[in-house]
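Shared chain: chain A. Partners: chain B in the first complex, chain C in the second.
Up next is the complex of A and B:
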């Protein structure tokens, strides 16, 4: 076979492989959306889940998922950002740094059910936080930190070395160079990292079953005092998320329309993740432009 | 002529490896000095000693004395920010920050604590004019500097270095990443400016050194072989090895 033919063959094979990946992804997402969207309705989004009868919604689960995502991001982002800045900018290349990196890699491949059980023992039992949003958010922070840290570290490392040198040569201190030049330059990458990990948090079930719990409490959406037990913002109440809801109606649910509810919930989950992606990208671009524009 | 930077017996080593073996060299005010020599001869390393850009490298040891304006720049009393304000730098790869042209050029001033908007505006315009990039940028001051061509980016970087009104500008192969047209534009810019600033330029391009520099210093394997007025050195080098290098017999 001559070089030309081989090149052609390689190209064809690559196209086929890409086609397979696209087909699988489109198949899964398409299937979820096609079987779920017809059952999505305003009623489904705004009513409580039902325990026995058909026709329940996912109002609380949707709120819980978003709330947990926001809380987890608020807790994990500063920690991950600090760790990533350290690893990318300050850490010397020695065995301690290697140990930290290896630990992060191991943690990021930890099965989420293990994180969940660990969170159950530590936060729910040991710290006495019970099945609560805060237990869930802390467990998800453990789950999220390694990936978020390495994503942000990669984004920071992607900023060309010349930019740092140019900053130092202008008389900026190390920290000012990082804050004023490296971080703004890395922002799009950092945001992508946050979005990627947010998708994982939003869809996570196993880590939450034993930490945030599988039952909902009565929520009064008119009550926005975070200390009140029926407030949606109360972090001490148990909270079932969309992903946990799908798991529950399919395993122990006794509602007659379990298939419909889980199909619709799955579609909702996928749609929210897509919306979140696009929204964060839009915000990221705007933020980037604002940070880099003339002040 | 006044000496603005003087280096005395500068040794530099990374761990056990000595890269500079005692360099003695003076730089004159408002002249362009070219540092030439084969790759790895230590010319960039030496250049980076002059504004202490080598400080953060691990296991580095620098001895000897470098004086800028009669102050020992390696003394503990030296304010690094102050030094780098006086001794600016332009790198091989154009490295504008991912900000607008205006913010790039204004950055050094803002860091230095200048708040007066009018002064900043005026300095930005002046510096961009000096760097011969005003025409291309005056209507696009808010455009991201990285959206310009390589040669334009490099001139924006020169403007950024000039904005704080340094006395000396170090240039580390400023044109080697650029196409010939952009390179000659940068050369013209430097020619126009060398009566106002002191330039110290590392270059691989002997023709370039011959065209625009007043003084030339030839380094090899970490030693300063010969230094003097460019014309003299290019026409009648004192040492055989300089002559061999200038005639392209090695390097």
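Up next is the complex of A and C:
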């Protein structure tokens, strides 16, 4: 076989492989949406999950997922921001920085179940917090920190060096330059990073089954006092999220409509993730244009 | 104190030496110069200390976190060997897993073999696809096509792992059941689920590696009369090999640590897999399904922590491999 024929053959094979992957993806997303969306009714979103009958909804799970997402972001953002500023602005190029980067890389590649079990050991058992939202949020923070840190670091590094020099030339301290000039300029990238990591938090389950728990408690949506045990805002109550719910009804649940419930919940999760992805891109572009006056 | 006196001297000297009469330095006078303010750190310096301190604190927290994860899991994982006197060699090679029965029934070989099997198979299936997509995106397609595939892979990353597990349960398992008989649960199902999950990881890193190959390499090869494929095969892929290997290892690390999706389709029976469609268990699936059924501090619980430690060690090994290849690639 001569070179030209080989070239053609290789091209054809590559096109076929790409085609297969696109088909697989279309199949996956299509299947999730087609089998799930018909069951995504208002009733499904606003009624309680049932433990043994058909027809349950995911109201509490949806609330828990959102609540955990917000708590996790609130806890992890300051830490990730600080660490990212350190890595992008202060860290010198030496072995200590290298060690720190390796540590963060290790954290990001740890299996989420190991992170979850560590959270179980530390918060649920050692600190006696039990299966609770706060344990779950802290475990998710561990899981989220390395990715958020590197996303923010990328965003900060993308700010041109001249802007820092301009700040320093005006007599501002390094810190003031970072706070007043670098961070605002990096804001679009930082926001995109936060939203993308939010998508990951929303779908995470392995880190949660032994920290936030696999069952819900009775929630009274009229009671917004965070200290009352039935309040939705109470951080000490056990909470099951959407992703954990899918896992639970498929492995241990006994409800007869497990497939329908999980199909609908999967569709809900995937839609939220798509919205997060598109939102991140849209917001990033829009803010970038606004802040840089680029067309 | 010494510095302050010197400073005072300098101020006095300046007033004595002044040549320009309309600047009334005398009016300010050495006494009204606030020496304290001049010798103490300025507001900016304070800000700088604070800001720097905050970032150090954040990075310190992350390091403490990683150290304590390794410490805690290591401590509990080693308890099987130190407190319960299980033989490490026995733990790694025996297929008898029934920790409730005593220390001679703690063998993790089934989980170890199955974990490695699904990881290697998934990487083996995913890598050709990943390289094909990456080549298509960097060498063949227009910018539009590349962007489209980029969003496709991003979407695949974003789909939660339980959703993959659920799809495996409702689509792949019944298909295997009709094709090969049996229950459908097993290594094959787990491999197929993991294939889709690691594909985007390997793809995006491979794309980066191909983009890093300088363009003049391609041009030089073309100028020598090589075909497109010859250029790709003999030049581009050769240069990118170390980073492609890194990409595959990252994919394997993800496959090895994936818990719920695998747990849903592997079958969860601690049996040595004699073929690809017999139910088995991986390290992660065993942890997920059994951790809630054991009591803290007992042998069955410690044995599970040993599995977690094994996972942790493998994750460190994957990291180490990546570093090693990175160093080799630089030479």
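Here, the second predicted complex is superposed on the first by the 246 of 295 C-alpha atoms of A that agree within 3 Å, B and C clash if a C-alpha of one lies under 4 Å from a C-alpha of the other, contacts with A are read in each partner's own complex, and residues count from 1 in each chain.
Heads up, the rule we're going with is that a contact is a pair of C-beta atoms (placed from the backbone, for glycine too) under 8 Å apart; a residue touches a chain by one contact, two chains touch by 3 or more.
The shown structure was predicted, so the numbers you read here are calculated from the model rather than taken from an experiment.
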Contact-wise, after the overlay, does A:21 reach chain B, chain C, both or neither (first, second, both, neither)?
second
Tell me which partner A:176 touches in the superposition: chain B (first), chain C (second), both or neither.
both
Chain B versus chain C, judged by how many residues of chain A each one touches
C
Touch check for A:238: first (chain B), second (chain C), both, or neither?
neither
On the A-aligned overlay, A:92 touches which partner chain: chain B = first, chain C = second, or both, or neither?
first
Quick check on the superposed pair: does A:185 touch chain B, chain C, both, or neither? Answer first, second, both or neither.
first
Mind working out whether A:163 is in touch with chain B, chain C, both or neither, as first, second, both or neither?
first
The shared contact residues of chain A with chain B and chain C are 171-174, 176
In the complex, go through chain A and note every residue touching chain B.
92, 160, 162-163, 165-174, 176, 180-181, 184-185, 292-295
In their shared complex, at which residues does chain B touch chain A?
51, 53, 56, 58, 80-85, 88-89, 91, 93, 95-100, 102-103, 107-108, 111-112, 141-142, 144, 157, 160-161, 164
In the complex, chain C touches chain A at residues 44-45, 47-48, 50-52, 54-59, 61-63, 65-66, 68-69, 72-73, 76, 128-129, 132-133, 135-136, 140, 149, 151-152, 154-156, 158-163, 165-167, 169-171, 196, 199, 226-230, 232-233, 250, 253-254, 256-260, 263-264, 284, 287-289, 291-292, 296, 305, 308, 311-312, 315-316, 318-319, 323
Under the stated contact criterion, what part of chain A meets chain C in this complex?
3-4, 6-7, 10-11, 13-15, 17-18, 20-22, 24-25, 28-29, 31-32, 78-83, 85-87, 89-90, 100, 102-107, 109-115, 117-118, 120-122, 125, 142, 145-146, 149, 171-176, 178-179, 199-200, 202-206, 209-210, 214, 243-244, 246-247, 250-251, 259, 262-263, 266, 269-270, 273-274, 276-277
